[in-house]
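Here chain A shows up in two complexes: once beside chain B, once beside chain C.
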Partner chain A sequence: MSHLKRNIVTEDGERFSAGDVPLFKVEGLSLSFRRFQKRMRENDVCVIRNMDLTINAGEIVAIVGASGSGKSLLANAVLGLLPKNAVLGGSIYFQGEVLTPERLHQLRGKEMILIPQSVQALDPLMPSARQVQAVIRSEDKQAVQRDIFAKVGLPQEAGDLYPFELSGGMSRRVLASIAMASQAKLVIADEPTPGLDEKALQEVLEHIKLLAKQGRGMMFITHDISAALQIADQIAVFYAGETIELANVQDFEGRGGKLRHPYTRALWRSLPQNDFVPLAGSQPVAGEYPSGCAFHPRCPLATELCQQQIPELRQVSGGWVRCFYA
Partner chain B sequence: MRMQSISLWIVKHVFKLILLLLAVSLLSFALISYSPIDPVQAYVGADMTRVSPEQRANIAEYWGLNESKTEQFLAWGKSFLRGEWGTSLIYRTPVADVIAERFQSSLALMGVSWLLAGVIGFWLGIVAGMRQGTWLDKMIQAYCFMLASTPAFWLGLLLLTLFSVWLGWFPVGLSTPAGMNAENVTLVERLRHLFLPALTLSIVGVANVALHTRQKLVEILDSEFIRFAKAKGEHGLRLLWRHGLRNVSLPAVSLHFASFGEIFGGAVLAEQVFSYPGLGQAVVQAGLGGDVPLLLGIVLLSTLFVFIGNMLADLLYKVIDPRMRKGENG
Partner chain C sequence: MLEACGIGYRYRGKMWLFRDINMRIQPGEIVGLFGPSGSGKTTLAKVMAGYLRPVEGYIVVDGQTSTDRYPFLKRRKLSLTKEKKKGPNPVQLIWQHPENAVNPRWRMSKTLAEAGVTDRHLLHTLGIHDEWLIRRPHELSGGELQRFCLARSLGPQTKYLIADEMTTMLDALTQAQIWHALLHIVKQRQIGLLVISHDKHLLHRISDRLINLNALAAQSAAQSLD
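After this line comes the complex of A and B, so read on.
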């Protein structure tokens, strides 16, 4: 696995170089929801403010953040599955071209696919094989589907079963099969590991690795930083609707000295295998983000500047960080 | 195993049906026997003054009215099981013949309006659900709420006033033109007579199916698996066809087949308004005239009718939803 990573990402920093066109790029993405209140006054609730992200082919980028950080809405935003009152700002590029709603409409399911969070995403009244075959474009859909079932360890009989007859583990394999059956170059895994036991978790991580090995760009949205560290090439840390750090996996080591943002360091140190010290306070909820840096009320390094100004994302030692004092 | 479960299912349902018919006939019999209508008086009618008390006693004796209620019921039950449903007091013909004739016209009326209500209601619900929140959706909903609170007989009167009295497009009542031999009546004439009562019944039936279908579609469009299907690139009619219809049709199917009872009740009123000679009209006359054999016959037949409707709903549910089908055996 690791030799493959090296094929695609040779050296730190190179993946940010302007020369080659990344598979997928998000620049200054913002997302808010328009609410109509009394007397028809509009009120926008901001959920995502400053989201920047780049994913290359064959690369796994984990988007890590606590629940409520807006990361799960990101998948919907990228796939264009937001409700009508959503207001999207910033730009999304796919293979170097702006992803307009029309283009997205064509690419969805063909060039981009989702691995959903819940096994509820399978149609309860359709046998699993048919749900997998729906994304296959080639002539012999059945052969392709059978091949993939064998690859993920699903018995062929499972194809005739309805979702309610499948175990949780088998349903997850069906979900992974759908991503594998598609020709999608970008796979968005939206919290695919909620509450799974260790064995099931490892299996899902294997599926994601396998998909990356096939040369697909993987957006792995999760709140489980240890899971992310196991397979990702790059970690994007999400806090209060902002990307606050883009770090390489290698930066997560020791006591977190190589990490750039105080929140990332606190997150790393809060893990049981590390110092196991929790960070005091909680993440601000959408619509009540503080002025200046979103993290300043909880930050040990915060100064007056942090209260007034939102720091820009800047490059620091091979990664990117949104902090004045990194 | 499969055969076994099917035969078990049949035995269970037949047993249920027998119990139901027994209970319904007992209850109806008890209700009628305590009703204030004197069957002899109802039978003799206006000739009451010309019938002596002895003659009346003879009629009562002949009909077995002096025996205990239990004996009367048992006597009726025994002959009913032998296939002798008795003679209708009002029509002076065997009950079975009256029912057969009346049921035919009622079946045409109920069948047509049931089909129309189902098809129109389902599609209205789909359209409203797909266009949720738009003016079209609001119009359909308003229309359905209005219909749901409209009594069938009142709507029947309105249609009758509009189309028959003012516009004169349709006959005012009956199922065939008055004073014409049955064999000379054309199909077109029959349909013309059927139109207004069927329209009344189906318009009222639409609301229920449409509102439930809309609700289910809105729920499903918001579900995880539709979001995922969209992420897989499916959209529009294809999305609805592949993932929506099967799921959405469940409430419509169960509701509509279970609504046989309502359709029957509606038919009683509509037939009354349009003087349409169906089962509904016969049951009203039988009740008012103290015609016990006819009343019991119709009550049992309608019980069977509603029972079959519910059973079909049950069966179709299993056909459409594998969770119902396989969940039972597993």
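After this line comes the complex of A and C, so read on.
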């Protein structure tokens, strides 16, 4: 998978090149859960099959897909938060090196950090300022924390408040502050936007942009395409546990003529601000994936070939797609 | 007509969430309601659907207040929890998280049976497959579950439907599927629909008219000053 090489200028004016080694790379990732049935027979339920993704420093990659497409499982797999019966295949690279369980253990929380969906993830028994200071490595923790609070628009007094005393918006700013305070190079934001009103939504998007500007790679997991399009550099579309398209933001326009995969096109056209047309059928459930292309039962372009073979991810007009007929 | 007449609500010991709200929904009309978080949209929905008793004012459904329909409420100051005598409420509410709105231990067929929904044609229109009926909630996706919640609330007695962020947790394709099915039914049966959402595009696409809850509250505050 190649990406545009480019130079990124961080906030401090420090220049570094994204270079050949991407910050974060997922290659052919697969994931299944081992289940035991009657009489100790075991079977594997496959939930992720062919997942590919690359994130460079300073880049926001949005992962878009229906629930059940494996978005959150990817985040959990990256951070090693899967249950014991999970069987992982393929490889994950961080700064060019394979992410082994030992390395992951060292890196998570330091080099990689998660912005959780729920504001309930804050420690209820600790004032918010201390939760932010806990991840700061430098000498003067308080000064750094105050600086970050000012950046995200939190009053300094909020630092003394416990999570239950914070409003929903303030808690989200505290969560963003924690990500900013850390030295993490990769930040994973898992569904941070649903149910927010317009103002709060814009605020969350601003935080993500700010984090990327500091030179971090951002994985922005969402099912809200319009939010993704506002800030992302690249959009990865997931369907039934596969990366089916890697598209540029500019491809999402008009009636979706520039999009490569029929699912992405249907998704784009189903937005209320576009044509609002539904597509019959539903995403196959994990363990019941059809043979061949997972989308073929719903696809208007499907042929016999699609029923027999899973298409490879291939490059088409500046993006990547998993379809024979793109 | 579903009417809110000067309703006000506050949680015990708290500030008024809203006061003196007047609103009307005609049969077959689709009204979009929006407002910032914390402005009381969901509480208003609960009051309109009879889950909460308004502190001030009253709700009139096709000329009847809730105490007309349920006289025992006069004696016992209860919210509308016991509705066995006169059948289900003609105003039904759809929640944002369907997984929290159904009994996790029941098969879907039992959930539907409890609500007295037997209309196979309705299930078909909503895109519910027969094989889903024997599943339990955790075996269905959010979109599939939300269809069951809709089916359950669309019994023959339902005249008004309140959809509170019904498709916020769903992807765009599933959202479009569910709305298309619902709009078809609503039109056919002349059901009045109140849609609560943060998604401006969605509201503009489906509503006949829009209400800003903040503006509505400010308006009634101004009137009371006059």
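In this text, the second predicted complex is superposed on the first by the 307 of 326 C-alpha atoms of A that agree within 3 Å, B and C clash if a C-alpha of one lies under 4 Å from a C-alpha of the other, contacts with A are read in each partner's own complex, and residues count from 1 in each chain.
We adopt the following convention: a contact is a pair of C-beta atoms (placed from the backbone, for glycine too) under 8 Å apart; a residue touches a chain by one contact, two chains touch by 3 or more.
Since the structure is predicted, the reported quantities are computational estimates derived from the model, not experimental observations.
Novice: Will chain C clash with chain B on chain A after the two structures are superposed, or do they fit?
Specialist: By the criteria stated at the top, chain C and chain B fit after superposition, with no clash.
Novice: Between chain B (first) and chain C (second), which does A:Ile225 come into contact with in this model arrangement: first, second, both, or neither?
Specialist: A:Ile225 contacts chain C only, not chain B.
Novice: After the superposition on A, what does A:Tyr325 contact: first (chain B), second (chain C), both or neither?
Specialist: Neither: A:Tyr325 stays clear of chain B and chain C.
Novice: What angle, rounded to a multiple of 10°, is defined by the Cα centres of chain B, chain A and chain C, with the middle one as vertex?
Specialist: The angle comes out at 70 degrees.
Novice: Taking the superposition on A as described, I'd like to know which of chain B and chain C A:Tyr93 touches: first, second, both or neither.
Specialist: In the superposition, A:Tyr93 contacts neither chain B nor chain C.
Novice: Would you check which partner chain A:Pro272 touches, where first means chain B only, second means chain C only, and both and neither mean what they say?
Specialist: second
Novice: Applying the document's definition of touch, where does A:Ser282 land relative to chain B and chain C: first, second, both, or neither?
Specialist: second
Novice: Identify the partner contact of A:Phe33: answer first if only chain B is touched, second if only chain C is, both if each is, neither if none is.
Specialist: neither
Novice: Going by the contact rule stated at the top, is it chain B or chain C that touches a larger number of residues on chain A?
Specialist: C
Novice: So in the superposed three-chain picture, is A:Pro116 touching just chain B, just chain C, both, or none of them (first/second/both/neither)?
Specialist: It touches chain B, and chain C stays clear.
Novice: Considering only C-alpha atoms, give the closest distance between chain B and chain C in the superposition, rounded to the nearest Å.
Specialist: In this superposition, no C-alpha atom of chain B lies closer than 10 Å to one of chain C.
Novice: Considering only the defined contacts, which chain B positions touch chain A in the complex?
Specialist: 223-225, 227-235, 242-243, 246-247, 320-323, 326-327, 330
Novice: Touching residues of chain A toward chain C in the complex: what are they?
Specialist: Against chain C, the touching part of chain A is residues 65-68, 167-169, 194-201, 223, 225-226, 266-267, 270-273, 276-280, 282-283, 285.
Novice: Please output the residues of chain A touching chain B within their complex, sorted ascending.
Specialist: Going through chain A, the ones touching chain B are 76, 79, 81, 105, 108-110, 113-114, 116, 118, 120-126, 134-135, 162, 164-165, 178, 182.
Novice: Using the touch rule from the top, collect the residues of chain C that touch chain A in their complex.
Specialist: Interface residues on the chain C side: 35-38, 96, 141-144, 165, 168-177, 179-180, 198-202, 204-206.
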